[in-house]
Amino acid sequence: MILSFDIIILIFLIVAAVIALNVKDLLSSAMIYGIYGFLICLLWAEMGAVDVAFTEATVGAGVSTVLFIATILNTRRRSSD
Amino acid sequence: MENTVTSILPVLACLASLAAVPLILIFRKEIFLRELVTFGAGIAKFAFVLTMLPLVLEGKVLEYTFISGFAGINVPIAFRVDGLGMIFALVASSLWIATSLYAVGYMRGLKEHAQTRFFVFFAISLCATLGVAFAGNLLTLYLFYEMLSLATWPLVTHHQDKEARTGGRTYLSYLLGTSIGFALPALIFTFVKSGGDLSFAGAAILAESDLGYWPGLFLLLGFAFGFSKAGMMPFHSWLPGAMVAPTPVSALLHAVAVVKVGVFCVIRVVTEVFGVDLLGRLGINLVLCWIAAFTVITSSLIALTQDNLKRRLAFSTVGQLSYIILGVALLSEHAVAGSMMHIAMHAFGKITLFFCAGAIFVACGKKYVSQLDGLGRRMPVTFAAFAIGALSVTGLPPTGGLLSKFYLVWGAAEAGQIALLCVFLVSTILNGAYFFPIVYRAFFKPAPEGESEGAGIREAPLACVLPLALTAIGSVLLFFFPGILLQLTDLMVDPK
Amino acid sequence: MSPKIFASIAVVITGIVLLYGISDFPTFGDPRSPANSGVEGGAPSTSLYYINESYGVTKVPNLVTSVLADYRGYDTMFETVVVLAAGMAIFAILRSTTKDDETVAGPARKSSIDGDHNRIIVGMTCRLAVPVVQIFALYVVAHGHYSPGGGFQGGVMLGASFILIALAGNLDDALGRFSEKSYMALASLGIIIYAGFGVVPQVLGKNFLDFGVLQKILLTDGPEMARSHSMLGVEIGVALTVMSIMFAIFANLSSRGTLKGGL
Amino acid sequence: MEKRKTTPSFYTALFFALLFVVWMIFSGFFDAFHLSLGLISCAIVTWISSDLLFEDRTTSFRRRLIQFVRMVSYTFWLLRQIVLANVFLLRLAFGPRERLQPQIVRYECGLKSDFEKFLLANSITLTPGTVTIKILGSTYYIHAINDEAAAGLDGEMERRIARIFAEDTESRKGAATT
Amino acid sequence: MVDFLLNTVKPHFNFWVYVILMMIGLWSLIAKNNLIKKMMGLAIFQTAIILFYVSLGVKDGATIPVLESYGDYAEKAEKAEPAGPEVAPPDATPAPVVVNPADTYANPVPHVLMLTAIVVGVATLGVALALCEMIYKEFDTLEEDELLRKIKALHDDA
Amino acid sequence: MLEQLPALILLAPLFGALLIGLIGLHDRRACFPIAFTALIISLASAIGAAMRAFTGGAYNYFIGGWEEPLGIGIVLRVDALNGLLLIAIAVVAVLAVIFTIRPSSEKDTDKTAYFYILFLLLCVGLFGITITGDAFNLFVLIEVSALTSYGLVAIGTSRRCKMAAFHYLLMGTVGASFYLLGVGYLYLKTGSLNMQDINTILTTNATVAQSPAIVTAFILILVGIWIKMAFFPLYGWLPNAYSYSPSGSSCLLAPLMTKVSVYVMIRVMLSLFGLEWVFGHPGWSDLVVWLAVIAILAGSIMALAQREIKRMLCYLIVAEIGYMVGGAWLNDPNLWGLTGASYHILADAMMTLCLFLFAGILFKYHGVSEIGDLGGMFKKMPITSIGFIVGALAMIGVPPTCGFFSKFYLIRGGIEGGHPEYVAALLISSLVNAVLFFRIFEIAYFGKNPAAGHSHDHGHDDHDSHDHDDPGDAVTTAARPMREAPVYALIPLLAAAALIILVGIFNGQIIELIRLTFEIPATVVSNLR
């Protein structure tokens, strides 16, 4: 059961990563990156790495995304790829 | 060698001129003091060398390990004085005094710039030269060899003009290029092959090794071309190029310090690295012989075509250096002795010639052979000396050149190399062919028409003339009193 | 070569190398794998030591905390230094105090959210949330021994609470609470606290970061509790630095180094 | 209605107390060491951000208490509304497509204080079927999923919110720590 | 194909995914033109490594590495815990090896290491984004090809 | 107290940086004294710690006192090799910090405190990398040094340094990540992070040692370090990063960053995997040596094409890295290659320091960055020139500078290990260096002073280039008249020059110490072939 849960999240992860990297609107891209962060944090929590999950939730999904957004708002929102 | 003596004298002799450097720098404003220091150092150096002479003549070998810190390679910076080194040191240090004197006159006469720098690097060069002469192992030899290359660069490019720049560039690229490209790997290969021994003491370094024909040949050629100060073709062209230097430099470079360091290194390599036995066994010496012979003939032919006096002398030097290498490469007893002697004989002869060329330039600003017509009568001393120098370099009596050439020819005969013997003879004729027209012109041709103002031409200043007279006399004296030289060469060739 | 082709080649090669390594991995989740219990026939791995022994030595049930803050406390100290270094690097890159640089701040950006809306919905939510976030962050720092979390997570959350203020209102509000002076000082102070817990044992003659010896100073019963309390102290240091730098990074990034205006 | 002024320091203390309650809920350790940690933490947070929670610091404690009680009852009412709306939405979701008529409705509210507006906006959003998109002055722009949902915005919610703070016209902002 | 999936991929599924994620990150790091996308690629690259580490510390049926049966904090610790799975019962299968009580806790070491790695990651990200802002300020673009063109032009003009 | 020295080496600059963070931000005059004092303390401790290793052999320092079982805590390990390197880092740092005593322009002053903090933290990172005995801790410290160096590169005011720093960051992070991944693979197979411990497992347990995962781990670690050190195919970031960074930064970065990475590689080969394991894979050695050969040649040739001094030096660094990597991988029976590579780390640190200080002086005080503008330098700045000449001669490999001896050992290794191509590359590169530096000598010796003849000497393009893309420092005008640099710039330069010669003269002792570290028993040496 757990393994299949794993597999689902893992596949979602790949999907999220690919989308985040391919959306041309950087702001959406950053948001999807945030989603990616939460997914991976979920995965780690499930794997027993609660501390890592916690950190990833605060850092990867939280602060990183905010930093991305701050930068994107200060630069340009569109990307050529 | 059983007769080794530990003595700091070689180090002192070597460092005497280096010690003068700070003094020269301090007195850069007081011209007289500066020159005095230069002389003092020269005399001190000569004195040190002379004090060692009796010991060496007794068959002793002086040794001194200066820095044993190179323990990683197990090769110290060591000094060692034997007969060959002694010959070279005697020649170099005695001629330095003459050259210094001459340089003072020359530089003053032409009001050259940056004289302090000139004397500083002059002193460093001499330090390096004696370092090579007294080097106790291959590494020390290499070290001083490189030091000499670098220290002479500012001298060669002294004029700091475009010509000097190209000349300097050629000079360094040849010397450094070959020494790094050929000599250094050869040295390291020797080091590896001999198991970490580079010392000149005792038997030849590679005598016991199982060197094959091709590795041996490459190693030998690596050394011979690597020490390209010896001017073997095809690595000779730095020498004419370096003629842009002021004449005292040319004199020192091309008669004494630089080129002789080159051949000295080659002799050292042949006798101390390979050893006569090994070379003879492998037969690779013949290759070297033929390259040298080729150089001798070719350079003599080129010299014939040169109009610039200094260039002609330079090509002459190229040929004469190869005499020495040829002699060593013949491996026969008398040929080796002959080449050792030739170091001294040629040095005296050639330095006289260069001094003369410089004196002519100082006196009347002439550089070309074709301009020398009739000058002999106005500058009798100079041209007399020139004649003597020419005789000596050609190998005619009553000059020392005859002796060394005689030994060389004898050696060739001894080795059974008739073809090479012919080379000696042919080249002697060629030598005569490019020198004597000059003497003839100077003395017997009338001065050209336009030389009416030539009446003003007189002998160069005393500081110029005195040294060249001295060296010319030295050349003659070496013919009549070659005893010490012979003794020293005997020490090397036949220690028993 | 276009970057795409180059990238593909690099990726394929790296991937093959990595998968080659994976071919030999123990099964996922195997408790007997070398990482989890040591090489076969060798000594048990360190992780077993931590699970079996560390509580007795440190009295901290959260193994991650005890390993992080004590056994590998040296790592953690440098992790904090990395944060500090990143902060300093960002200041060095962005921070500009020159007045004439009008272009740096950019043209006044029109807020994407209308003023009233912003004030009522976002501002109010933020005002309600920030104290809770902060107290939770402090709880996380203080309870790292028993539950997941610790100095780093708590520090990030504290920093995030200030970021929240900056996001909801503007940067000046946040900087009013947590000025540049104070965050620079706290950033350094955090590591000084951390390293101080390391240096004091040195003064007492033990090795760096040997918390056990601190019982003399902390007046605890036995070195175990000294370790436990020192870990808390160390976590507080981490939290201070991380909080300061996280907020500082945001402040500088969002204002392009001018520390004025905001997003 | 007693008019005794409450000092700002009282609100600081209140803030502190609330925080400490939250701390204890989080912590679950009641030994001296952890409690003292809690006190220190609460003190720090109080020091940093006690001004965030109660903007108006003149309302008396009694007033606050009444507001709190009403707030709780409002919360229960809201929960019930949310459940009802959920059921409604569920039926909608499985019903025919034609019943969906997404639309934006303007809603004028008479609430004055920011906190009331905030509460109203969030309550509207929390109730499924309607979402507050924008507030301009006292005009709310609300997205409703169909007419029925739009019709549900009949002002009942606003009245109840107004009632929480109704009695005292001076004090408008209140506390809600739920 | 199915065999391959079941025998080769499944036991190491996490690892395969980490490789895929890492390659996605690496690819965009090199191939993407936008600097922020590059950074995102780098961030994904790093999380992939973290995923790898965390995966290698997983034990079947183990709980989070917070001890529950020690000392007088035990029952309080339980309360303080956010929902985590209960201690797994000893293995039901008749295993010849005695189940080590240590096997009931996940390996804490990778977690510790990865906390550090995450921090390093966000620190790097911050610096990179700061650089992006400065680059944008200088060159008014974040597309790499344009940047290189502008830099080259800068050099040629000079 | 003496046994605390290994920790003190790092703590001194760490506390220095923190103190600057507290004090220096408000009063930037306090920055330099703090930094200088901290580094001096570091130097003293490094010497103390190293002396103990020289006399008593390698020893461990257990952080937190976690001694048993090995690997639960973090170990600092000092042996003769890293003792030497510690001293070298400290010396370079002290000299470089003296050079930074005055900011080069007013614009830089408000970043002084940040600069010194980053500077000291970089030293912390480098010391830490050198001294640590823990594979993961190494990663953390690599990141400390990496992040600080990104900051140091980007702190300049040049337009291009930001882009250079960004690329540097990407490459650096990927490199570090690969390293991290490699450590993960190692941990997966050995369950340990302690270098000694892993080494023991790999040498005693053949099944583990032969596992593909371990091979992958090695490749990943190696590639990661290669990226960090800018080894041949992965060197792209280096020239930009170092040449566009401000002088003060590049004087610390260039001599140390890559060299420490080379050290890490040697440490990984030597202490983590063990030479027997590394050279037990046939073909690897040849492959790497060939790569090194290409690196040497490519670096040398590209250096020839450069007009800017700093850029030229950067490409020379690429070549020098080829020397070291190639040397370390020669696999000659007596390990002379490895010895030479280790020695060259020290030698090259001094040489690079000297030359970058020279380039820094020229740029900082005279606004000169192009080789063509050096005309008349020997006359106008004789003392600076002496420093430069020594550095250049060392780079060429003229005795008795250290450059000669490192080449000597490397060539010896090449010959004994049967790698003539490596020897040839080394010699060619020496020749190229000779050409490069004598070209500069010539210009400096013959050329006119650019202040007089700048505009018609090199056309307008050089003139403008200073305004637009000066490498790092802010330079307001084009070339200023040449004068002897101030004393605080000359002291480090001459000290570096003196060190070049000292390291050369005392190479015997240094080599002995280095070989002390290898502790290769005679049997193993013979088995290696």
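Order as written gives the chain letters A, B, C, D, E and F; numbering starts at 1 within each chain.
Heads up, the rule we're going with is that contacts are C-beta pairs under 8 Å (C-beta built on N, C-alpha and C of every residue); 3 or more make two chains touch, one makes a residue touch a chain.
Quick caveat, the model's predicted, so the values are computed rather than measured.
**Student:** For chain D and chain E, which third chains touch each of them?
**Tutor:** Touches both chain D and chain E: C.
**Student:** Which chains make contact with chain E and with chain F at once?
**Tutor:** C
**Student:** Relative to chain C, which chain's C-alpha centre is the most remote?
**Tutor:** Using the mean of the C-alpha atoms as each chain's centre, the farthest one from chain C is B.
**Student:** What is the identifier of the chain with the smallest separation between its Cα mean and the overall Cα mean?
**Tutor:** F
**Student:** Which pair, B-F or C-E, has more C-beta contacts?
**Tutor:** C-E
**Student:** Need the most distant chain from chain D, centre defined as the mean of C-alpha atoms.
**Tutor:** B
**Student:** What's the distance between the Cα centroids of chain B and chain D, rounded to whole Å?
**Tutor:** So the centre of chain B lies 103 Å away from the centre of chain D.
**Student:** With centres defined as the mean C-alpha position, give me the chain C-chain D separation in Å.
**Tutor:** Chain centres of chain C and chain D, defined by C-alpha means, are spaced 33 Å apart.
**Student:** From the mean C-alpha coordinate of chain A to that of chain F, what's the distance rounded to whole Å?
**Tutor:** 37
**Student:** Between chain A and chain E, what distance separates the C-alpha centroids? Give it in angstrom.
**Tutor:** 11
**Student:** Can you list the chain D residues in contact with two or more other chains?
**Tutor:** 27, 29
**Student:** Which parts of chain F, given as residue numbers and ranges, touch two or more other chains?
**Tutor:** Within chain F, the residues that touch at least two other chains are 136, 140, 143, 147, 150-151, 154, 162, 165, 181, 187-188, 193.
**Student:** Residues of chain E touching 2+ other chains?
**Tutor:** Residues 13-14, 26, 29, 33, 55-59, 62, 64-66, 76, 80, 82, 109-111, 113, 115-116, 119-120, 123-124, 126-127, 129, 131-134 of chain E each touch two or more of the other chains.
**Student:** Where on chain D does chain C make contact in their complex?
**Tutor:** My answer: residues 15, 19, 22-23, 26-27, 29, 34, 37-38, 41-42, 44-45, 48-50, 52-53, 55, 114-115, 117-118, 121-122, 132, 134-137, 176-177.
**Student:** Using the touch definition from the top, list the residues of chain F that touch chain E in their complex.
**Tutor:** The contact residues of chain F facing chain E are 136, 139-140, 143, 147, 150-151, 154, 159-160, 162-163, 165-166, 169-170, 173-174, 176-177, 180-181, 184, 187-188, 193, 461, 464-465, 467-469.
**Student:** Could you please specify the touching residues of chain C with respect to chain D in the complex?
**Tutor:** 114, 116-117, 119-121, 123-125, 127-128, 130-132, 134-136, 138-139, 142-143, 146, 161, 177-178
**Student:** Hey, which residues of chain F end up touching chain C in the complex?
**Tutor:** 4, 7, 11, 14-15, 17-19, 21-22, 25, 61-66, 69, 71-74, 110-111, 114-115, 117-118, 121, 124-125, 128, 134, 136-137, 140-141, 143-144, 147-148, 150-152, 154-155, 162, 165, 181, 185, 187-193, 201, 204-205, 207-208, 211-213, 215-217, 219-220
**Student:** Using the touch definition up top, name the residues of chain C that touch chain F in the complex.
**Tutor:** Residues of chain C touching chain F: 17-18, 20-26, 33-43, 45-47, 49-50, 70-75, 78-79, 81-82, 84-86, 88-93, 95-98, 184-185, 187-189, 191-192, 195, 198-199, 202, 206-212.
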